[in-house]
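Note that chain A is present in both complexes that follow, paired respectively with chain B and with chain C.
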Partner chain A sequence: MSGHSNWPEWVYIGVVVALLAWVGAEAWNIERIVEHVPENAEVIKVTGQQWFWTFEHADGTVEKGELHVKKGVPYKFEVTSKDVIHSFNIPDYLVLMDAVPGRINTVWFLPVDEGEYPIQCREYCGLIHYNMRGTLYVEGGA
Partner chain B sequence: MKNIIGLFMVLSLLVILPTVEIVFAAGDEPEQYIDRRVEIWNLFFRMMTVAFVVGAVVSGTLIWLIWRFRESHPKATPTKYEGTSELDR
Partner chain C sequence: MVLELQRPRPIWQIMFSTHHTDIGLLYTIMSVAFLFMGGALALAIRVEMFAPGPQFIADSMTYNRIFTVHGTNMIFLFLLPFASAVGNYFVPIMVRYKDMAYPKLNAIAFWMIPPAAALIWLGFADFGWYAQPPYSMISAPSPAAEMWIFGLKILGVSSILGAINFIVTILKCKHPDLPLSKVPLLGWSFLSSSLIVLVAIPTFAAALLMLLTDRLGVTGFFNPALGGDPIAYSHLFWFTFHPEVYVLVIPAIGMMYEIIPRFSRKPIFSHSSGMFAFILLSIVSFASWAHHMFATGMSFTEKTVFMVGTLAAVPASAMHVFNFLATMWGGRAKYSAPMMWSVGGIALFFSAGAGGVVNTAMPLDFITHDSYWVVGHFHLFVFGTIAFGSFGFLYYMFPFITGRMYNELWGKVHFVLVLIGAVLVFFTQHILGLYGMPRRVFDYPPFPEWIAMNQIQAVGAVLLGVGMTIFLVNLIYSSAKGKEANMEDPFGLGGKYYYPYQAKNPHHD
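Now for the complex of A and B:
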């Protein structure tokens, strides 16, 4: 090994380690920011069961298959399931959270555009999984 | 050795220190509501930029290595083993 320079290897290792550290820190940081629920978020209990979604608002109002929310108000979903594992998904708002029996998972979002958006199950949950859909209505409000 | 230490210091300044800063910023939550779509897609685009740059550098290096050190390259220098049939044993 005499006369052999190995500094390129060290450069390579240094670059790889630095990049991995940066990628990890960035991802961790964004996840931390995204998961930080605003204190004034309204809670909506989301329950999945074969093969529809039930939404219970803080005031006790219950909706099945459709969800009405107000634009500009942050909402915190408490997601669970009554039977098998489902996954609560609002693709247009990048909301995705597993609905697991016996467990409450939380995810929050802020509706900013009025309109109708699809809600769907993202975890294969049986025969009619493909049609376990709902509609999110974002209405003008706050 | 000094070069390596210097290099690592530069790398630290460029990448590792900002990384540490991000970690220690934990707890300073944004005052305004964030739009998760913006945050998540921005992260995705940043990661894709890094991935494509790294991919271009790595594949470019490999292509250059193969081109430069091919046997038929005008500046190719035979190793001391070539022509001795030592490699055939």
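Now for the complex of A and C:
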């Protein structure tokens, strides 16, 4: 409460606010692009339940714990759950979306490299949450 | 201040006392006891994660119960009661009143905590500290879940009673010659955090009742099978518990405001900017709760609103950091243990805040959400900032409570070990999160990066354990056998700065 001038603090706050505004604007812009689902995306219905994932492709094939996709094809996941909240996660492709019973959440991705990638549950869902894992197979072709 | 242990009294005189310093002592002892109980659970978790496969914890159910009780215990039985301990000792002194406004209510608020703690510890629930339905509703075993719900219910009431007491003491009982703007910043921190408690906690109290009736099967608020929505619980929960983070961090910052100017031997850089930042933080703390829920399928607009609300909290926190640094600038700092803890706490507060900006930037949140990054991030707050501030303040209060000095050398060893341990555990957790490891897992596949980083964490956890054991021994030994403190100036800072120890406990005279 002494009479000294406080201008360095205001300059500093100005810099902080400017940085935050930049981060916020970038995040807004990137999220807007990331959330835009390509129109030719194939739909895969993803259902979580204690404690495994079920995948239903557009052509009706159903896979459990394994997901086979083709390289270069965009996919749109429609994620839901049969019991408690799970979170569908492919860490290598930064795919993350909660599987909430009674809701369908969407997220999309474009596999670009052939190979096997882990699929896991990222929301605590009980006894075997730690082993609610699966494998994503990205195959050539198309 | 009180010299509790220098002039021994029968224990029931302290237990049944309603004087603020006695209740402060009870809060201190209880919160430190729970700190060590919760810390033992944390050590168990980190050692269990040392390698893939079960180590010594028998099954995932036990592991899930351990992390649930660790989290609940640390937040509700260590951090909050420790803040109440400091508030009880210092708020009446800082507003120059003889006691808290409602001494009996104060004692009741304290004595509600032990039964609640018993419910939480004996129940040992398994649904994580935020009890997310539908899991907590349809899957979590009884009676642990009910015991947790009732325990939290009691703690919520206790918090509300405590908050009312602090607000009334500060606003209505302060000395008429003392304008509110001259109340020390530690007092201001309790005013702001208590106001947040009053606005935030009732929402969670309602959510707990709804969860209980849902479990009993008579309602379906959060049950999708009955048309309810589990995400509604998340909103109610985080509307309470995001502000609750500020309820914890604001008193810790207040404690640093007490320590830093004294040990820098320089007045605080700007009292008014500290007050302003406290008020700002209390308001913006309510604008950010749903940033915990970006991945639940929120719309782009909702996410944008809560990202902006979250970023708004950063300038206020940055003002505090600036104020600390500007106070230390050009001061003759004396690095006794309280000062070391405060400075360490500020450094980790800065890191935690920077990580928070990453979390709230929408696309990045989907990388960090529910991964180990988040665990590292909030531990930098709750441990790196709040517990660091609390340890520093406990050392600072020590001579005023006991009339004796703690061992300064071991206080510094404690700091160094815990700082290294905290960096090893919590910074590694950030990186581990970027490698995709989910939180709350009992076991993990043997990916080499995951194993290496879990082992670094286990080493850090052991360092933390050693440091904290030194702390405990130092506290117990020094309170009985430590050298007598010079009560006029226990830290040898020169007599220019007053210590708030003048208040007398009538039971002592």
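To be clear about the criterion, the second predicted complex is superposed on the first by the 131 of 142 C-alpha atoms of A that agree within 3 Å, B and C clash if a C-alpha of one lies under 4 Å from a C-alpha of the other, contacts with A are read in each partner's own complex, and residues count from 1 in each chain.
Just so it is clear, a residue touches a chain if its C-beta (ideal position, glycine included) is under 8 Å from a C-beta of that chain, and two chains touch if they have at least 3 such contacts.
Note that the coordinates shown come from a computational prediction; the quantities given were computed from them, not determined experimentally.
Q: Does chain B (first) or chain C (second) touch A:Y93, or do both, or does neither?
A: In the superposition, A:Y93 touches chain B alone.
Q: Name the contact category of A:V62: first (chain B only), second (chain C only), both, or neither.
A: neither
Q: Contact-wise, after the overlay, does A:I85 reach chain B, chain C, both or neither (first, second, both, neither)?
A: Touch partner of A:I85: chain C, not chain B.
Q: Just checking: does A:C125 make contact with chain B only, chain C only, both, or neither of them? Give me first, second, both or neither.
A: In the superposition, A:C125 contacts chain C only.
Q: Quick check on the superposed pair: does A:V34 touch chain B, chain C, both, or neither? Answer first, second, both or neither.
A: The answer is both, since A:V34 touches chain B and chain C.
Q: Of the two partner chains, chain B (first) and chain C (second), which one does A:V23 touch, if any: first, second, both, or neither?
A: After superposition on chain A, A:V23 lies in contact with both partners, chain B and chain C.
Q: Between chain B and chain C, which one contacts more residues of chain A in the superposed model?
A: Of chain B and chain C, more residues of chain A lie in contact with C.
Q: In the superposed arrangement, what residues of chain A touch both chain B and chain C?
A: Touching chain B and chain C on chain A: residues 23-24, 26-28, 30, 32, 34, 94.
Q: Across the complex, what residues on chain A touch chain C?
A: My answer: residues 1-2, 6, 8-9, 12-13, 16-17, 20, 23-24, 26-28, 30-32, 34-35, 50, 83-85, 87, 89, 91-92, 94, 96-98, 100-103, 105-106, 118, 120-131, 133.
Q: Quick one: which bits of chain C touch chain A in the complex? Just the residue numbers, please.
A: My answer: residues 60-61, 64, 126-128, 132-135, 138-139, 182, 224-225, 229-231, 267, 269-273, 295-297, 300, 303-304, 307-308, 311, 314-315, 318-319, 322-323, 326, 357, 360-364, 366-367, 369-371, 435-436, 438-445.
Q: Quick one: which bits of chain A touch chain B in the complex? Just the residue numbers, please.
A: Counting only chain A, the residues touching chain B are 7, 10-11, 14-15, 18-19, 21-30, 32-34, 36, 38, 74, 93-95, 109-110, 112.
Q: Taking the complex as given, what residues does chain B use to touch chain A?
A: 3-4, 7-8, 11-12, 14-16, 18-19, 22-23, 25-26, 29-30, 33-37, 39-40, 42-43, 46-47, 50, 54
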